[in-house]
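Structures incoming, each one as structure tokens.
You will see two complexes here that share chain A, one where it goes with chain B and one where it goes with chain C.
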Partner chain A sequence: MDVTAGGVEAQQVPRQSFLRRNHHYFLLLPGALWMVFFLIVPLAMMVYVSFWTQTTFAITPDLTLRSWQTFFASETYFGALIRTLRLWLTVLVITFLIGYPTALFIGQFVKNKTTQTILLVACVIPFWTSFLIRVLAWRPMLGREGAINIVLQDLGIISQPIDALLFTELSVIIGMVQIYVVFMVGPIAFMLARIDGSLIEAARDLGASSLTIFRKIIFPLSLPGVVVGAIFVSVMVLGEFATASALSGRKVNLLGNIIVTQVGSLKWAFAAVIGVILTVVMAVAITVLLRIVNLRREL
Partner chain B sequence: MHQLPILRFSLAVYCALFILFLYAPFIVMGILSFQAGPEGGPQFPIIEWSTYWYQHVLGFAPPSRVAPLPIGEALVRSLTLAFATMVVSTVLGTLTAQAFRRKFKGSNIMFYLVVLGMMVPGVLLGLGMALVAREAGISPTWWGTAFVLHVVYTYPFAFLVMLAIFNRFDPAVEEAAWALGVPPGRTFRKVTFPMIFPGVLSAMLFAFTLSYDEFPRTLFTGGSDVTMPLAIYGTFAVEIHPNLFAFGVLTTLFSFALLTVYGLLMTASVRKGRSKASGIQEDIT
Partner chain C sequence: MLELLGLTKLYDGTPAIQDVSLTVRDDEYLTLLGPSGSGKTTLLRLIAGLERPDAGRVRMNGTDVTALPAHRRSLGFVQQNYALFPHMSVADNVAFGLRYREVDPVTDDAEVARRVASMLELVGLTGLDGRMTGQISGGQKQRVSLARTLVTEPRFCLLDEPLGALDANLRERMTVELRRIREALGVTFIHVTGNEAEALAMGDRMVVLDEGRVIMVDEPDVVFGRPETVRVAKFLNAYNVFSGNAQGDKFGVGAHELPLPPGTQGAAHYAVRFDTASIARGHGTAPAGHAALPAKFITSEFMGAKVIYFLEKDTGGVVEVERHLSRADPVDYTKDEPVTVHWDLADVTVFDTDGRRIYSPEALAGAA
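Take a look at the complex of A and B:
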């Protein structure tokens, strides 16, 4: 129907018809241009500059591999890459382990939609405080005279305050888990809430145990949520530097921290190299995650 | 699964502990914001309860060794930036989602191009933009280089929200209006827009809050006039005082006010939509 109608009009008023047939491309144009100029061009520039020659305070567009060699030859920088990967995987696993039970409760055990929404909103409310202040709020929690040490001492669980809580890798992990775990809970709870209850009932009628139901039905159906959550957490943790510098006393240097320091000392080419490496890590991580489930089909 | 009362109970307890974990730093921050000043530090024990740090943030406290937070102008800049980002990204997101209501060639590429904007870590985008600006001889400013990056970040969110809204939208209503001879512009104003308005509000809320708090994208591109998050980041390097906590409490309250306004607008639009649904025909003629 649509095709013939368009065809008839095309013969009568060709110009308006051209606009009408292609009007969605005009709707797309502003967004596409914006993304090309302010997203693709900057990223391409970063890749390009990573091959430029770095002198003390300037960069010149003479192509070289020097900055790349410096990165892989230096133990500090290569160590930062390993540390970033380790911290990312740790945070990813912990957010999943901590977040899944909460999502399971909200998505499967709370049957009332309003209660579900209230619980999810309660998880999201902390996001309306500035990210940096949320990070800083961990300092009085974790310090030697911090809330956790005070509570544990009052309860008689420990006799000496734990020093390892603040300005270590552990404090960075605790801070990141608390900040990013919600991105894991939200998508998983969403997928769990969509599971058709009759499916579970049918399995139960056929004599499946609760564990089997979880393993064979609930978990596989929640997997797209896990993948979306994992992508969110990965993107945010891999690009992190503020949490690391605030909670580790600048002792834990992630790739993001090195970019910030290098830009601060005008080492643009070197910062660009680290940027490209970070992009590659991210692309690999997202590709692997997307292999697990086909998101466009599942959502 | 719901026939397991013990599991249900233990998961409920776990969920409560989880929420406590999310809120614990805020509770501590709230308590410490009432620390005595100016000699009290950002740690326990509370020397004496006082509202000194609140007065300090708002500029009422007498000058002391603790420098006041440089927030006045930064706050105005951040709000302006967030507002501009909100408007531009909501318009772009709505336009793009409107185009996606039809199947067209290259829709996959366009989809990933837009979604890439929320996937690329801010620090990389900031770095890339700073390099482009450097080579092009543009000096970085919060209303220029930083603004365009904020939109790159928030536009995908607006797009996805609007895409979800349009997916549930029944095109027959619009077609009915066209069939009755209502011009497209009027149809959009009187039929389409009221129906997608809740989505537009959500997209605006997303864009505003994300931009207001955006930090890694602004760090390299914001120039010398700092926005709010940059001002807070500046205090990282030096000693922390409880005035930051007082400020955190105040901004949280401000966010709640914003959220309440959003909630009220949302309820109002839903109610209006319901009462109007019956009278829609008189309205468009």
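Take a look at the complex of A and C:
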């Protein structure tokens, strides 16, 4: 009887209108519109434009594979892709090798939370000067008459200045590592600082040595930080062009540099091809990194 | 045998543990009772080797282990928050000590699996070995933590408030489980707790800790029935303790005088257990051989098998009386109703000015 009464009542409650039931979705509207007009539509346009026909001074919307063929057939352009990948992996590995021990020190060995924060902020201090100045400051350091060569010569370690320091791939790597290493340190230090000290005590009490504790407890628990850091560094390095052009004397061309030149000479279709390739490379890199850890479970 | 000899630990100059000497026997369940801040966790960490003492020694079976780090003592430490490794399954957590200990690790996977399985069976977690630690309940986490420690076969296992985070129902079950597991393995358990009922119920012997010092070590029924000092009586949360002074064979509490048992000159504290006192309506005189104290009724708490009455003395201060419903029916009083609390003079415990016991009832019936 209660059941029928309930049924009658349920029928008497007027159904709310569709709009009323779903009005919380309106909260998404501004963000969704922004993303559609400034991300999805441009991305689609980029893919579309990459198939347009490019002539020396004009571009027409007749679909062709010409730009794509040029890219993969050309030593210069395909070489730039390989160079970009090589430089990205090198910078990624070096930022990890420098960043992880730093983060380990800040996150695990500095017990005082205030000191931890101060050290992390200290890592960001270089960002108080402009990006361009930080990059260009490497020139007087690395150049033929630069600080490093002068010091090494004065110490008698070398007799001739080392030319390989500036305007080479090495100088680009040095510059990028210096700029991006902090993006590796931050997330790792954050994850390391969150590890409960009692876990390490428990592992020690169970008889594990410090190295085993690092390998089996600390490192696995910091892995989400490594992945987040690696994603930051990857996204920024893959799209880089300024460091490369400032420190390589335009000798080291990355995909980013080629886009800049092509856009400069109004080769929109070709720039779009490289844009698509760069986007795909980033998507693959991020997917691979996310495969390493399940961020949803760990964070 | 584990011996603590004059252990002292200072934090910023203030002693957390002062001159603690204690002998822990093999194959016993020792409970360590102390209020928060009494240094009980510090003492446990000193024994475990997670802290270094400022003075004193720790000896295991005659060998001095004071300088040995935690992982070189054959001690197990079950942390208060369980400290399970969140990135490992239940089985991997339990296997950790066997696989990765520095001294004599077990390299044979089949052997590890066999020992993990038998330990999980002992703690009642068979079938959960593949679960991640985030997918099990609080009581199960506690068992995993215990299994992880016990699988390494320590001779002494330290448990820091092991039942603290469990709900009442589970706590009762784990009380029985912990004793069963301990007896099955013959390991010594040193169980730290701030709960007097837990310390009394679980220990073969119990240690009472106060302000960093050991103030009594004995079997629970002795500690409960014949507390050595007035501080012990207060921690047990089972005694009404009146402070005052003796004049001849009378003990003055405010304006009232209580008769003292014979031979208790110099009494300074007078203690009556909640369950040995009775209540009579109105302000009357005590039956022969009884002491009486006028009070007024404040409130009562129904606890199922017993009722606890809260009364207020004329001079202020609460008096508690327990009435067991198997012995007597509950009585209703109105608020502020005048009553008289009375008790048999033979049931009182008396302490001198230093807080040392000078008179107590005979040992509980059945106690050795």
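Assume the second predicted complex is superposed on the first by the 275 of 299 C-alpha atoms of A that agree within 3 Å, B and C clash if a C-alpha of one lies under 4 Å from a C-alpha of the other, contacts with A are read in each partner's own complex, and residues count from 1 in each chain.
Please note the rule applied: contacts are C-beta pairs under 8 Å (C-beta built on N, C-alpha and C of every residue); 3 or more make two chains touch, one makes a residue touch a chain.
All of these numbers come straight from a predicted model, not from anything done at the bench.
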{"item": "Superposed partners chain B and chain C on chain A - clash or fit", "value": "fit"}
{"item": "First (chain B), second (chain C), both or neither touched by A:Leu199", "value": "second"}
{"item": "Touched partner set for A:Gln153, first chain B, second chain C, both or neither", "value": "neither"}
{"item": "Partner chain in contact with A:Leu221 - chain B first, chain C second, else both or neither", "value": "second"}
{"item": "Touching partner for A:Thr90 - first (chain B), second (chain C), both, neither", "value": "neither"}
{"item": "Partner chain(s) touched by A:Thr212 [first = chain B, second = chain C, both, neither]", "value": "second"}
{"item": "Partner chain in contact with A:Thr70 - chain B first, chain C second, else both or neither", "value": "neither"}
{"item": "First (chain B), second (chain C), both or neither touched by A:Val263", "value": "first"}
{"item": "When both partners are placed on the shared chain, which of chain B and chain C touches more of chain A", "value": "B"}
{"item": "After fitting on chain A: smallest Cα gap, chain B-chain C, Å", "value": "9"}
{"item": "Overlapping contact positions on chain A, where the chain C interface meets the chain B interface", "value": "204"}
{"item": "Contact footprint of chain A on chain C as seen in their complex", "value": "48, 50, 69-71, 75-77, 79, 81, 83, 85-87, 96-97, 100-103, 148-149, 152"}
{"item": "Contacting residues of chain A [partner chain C, same complex]", "value": "196, 198-199, 201-209, 212, 216-217, 220-221, 298"}
{"item": "Complex contacts: residues of chain A adjacent to chain B", "value": "24-25, 27-28, 30-32, 34-46, 49, 98, 101-102, 104-106, 108-109, 111, 119, 122-123, 126-134, 136-141, 143, 145-147, 150, 178, 181-182, 200, 204, 210, 213-214, 218, 231, 235-236, 238-239, 241-242, 245-246, 256, 259-260, 263, 268, 271-272, 275, 278-279, 282, 286"}
{"item": "Residues on chain B engaged by chain A in the complex (per definition of touch)", "value": "1-4, 7-8, 11-12, 14-15, 18-19, 21-26, 28-29, 32, 42-44, 92-93, 95-96, 98-102, 104, 110, 113-114, 116-117, 119-125, 127-132, 134-135, 148-149, 151-152, 155, 159, 209, 213, 215-216, 219-220, 228-229, 232-233, 236, 240, 244-245, 247-248, 251-252, 255-256, 258-259"}
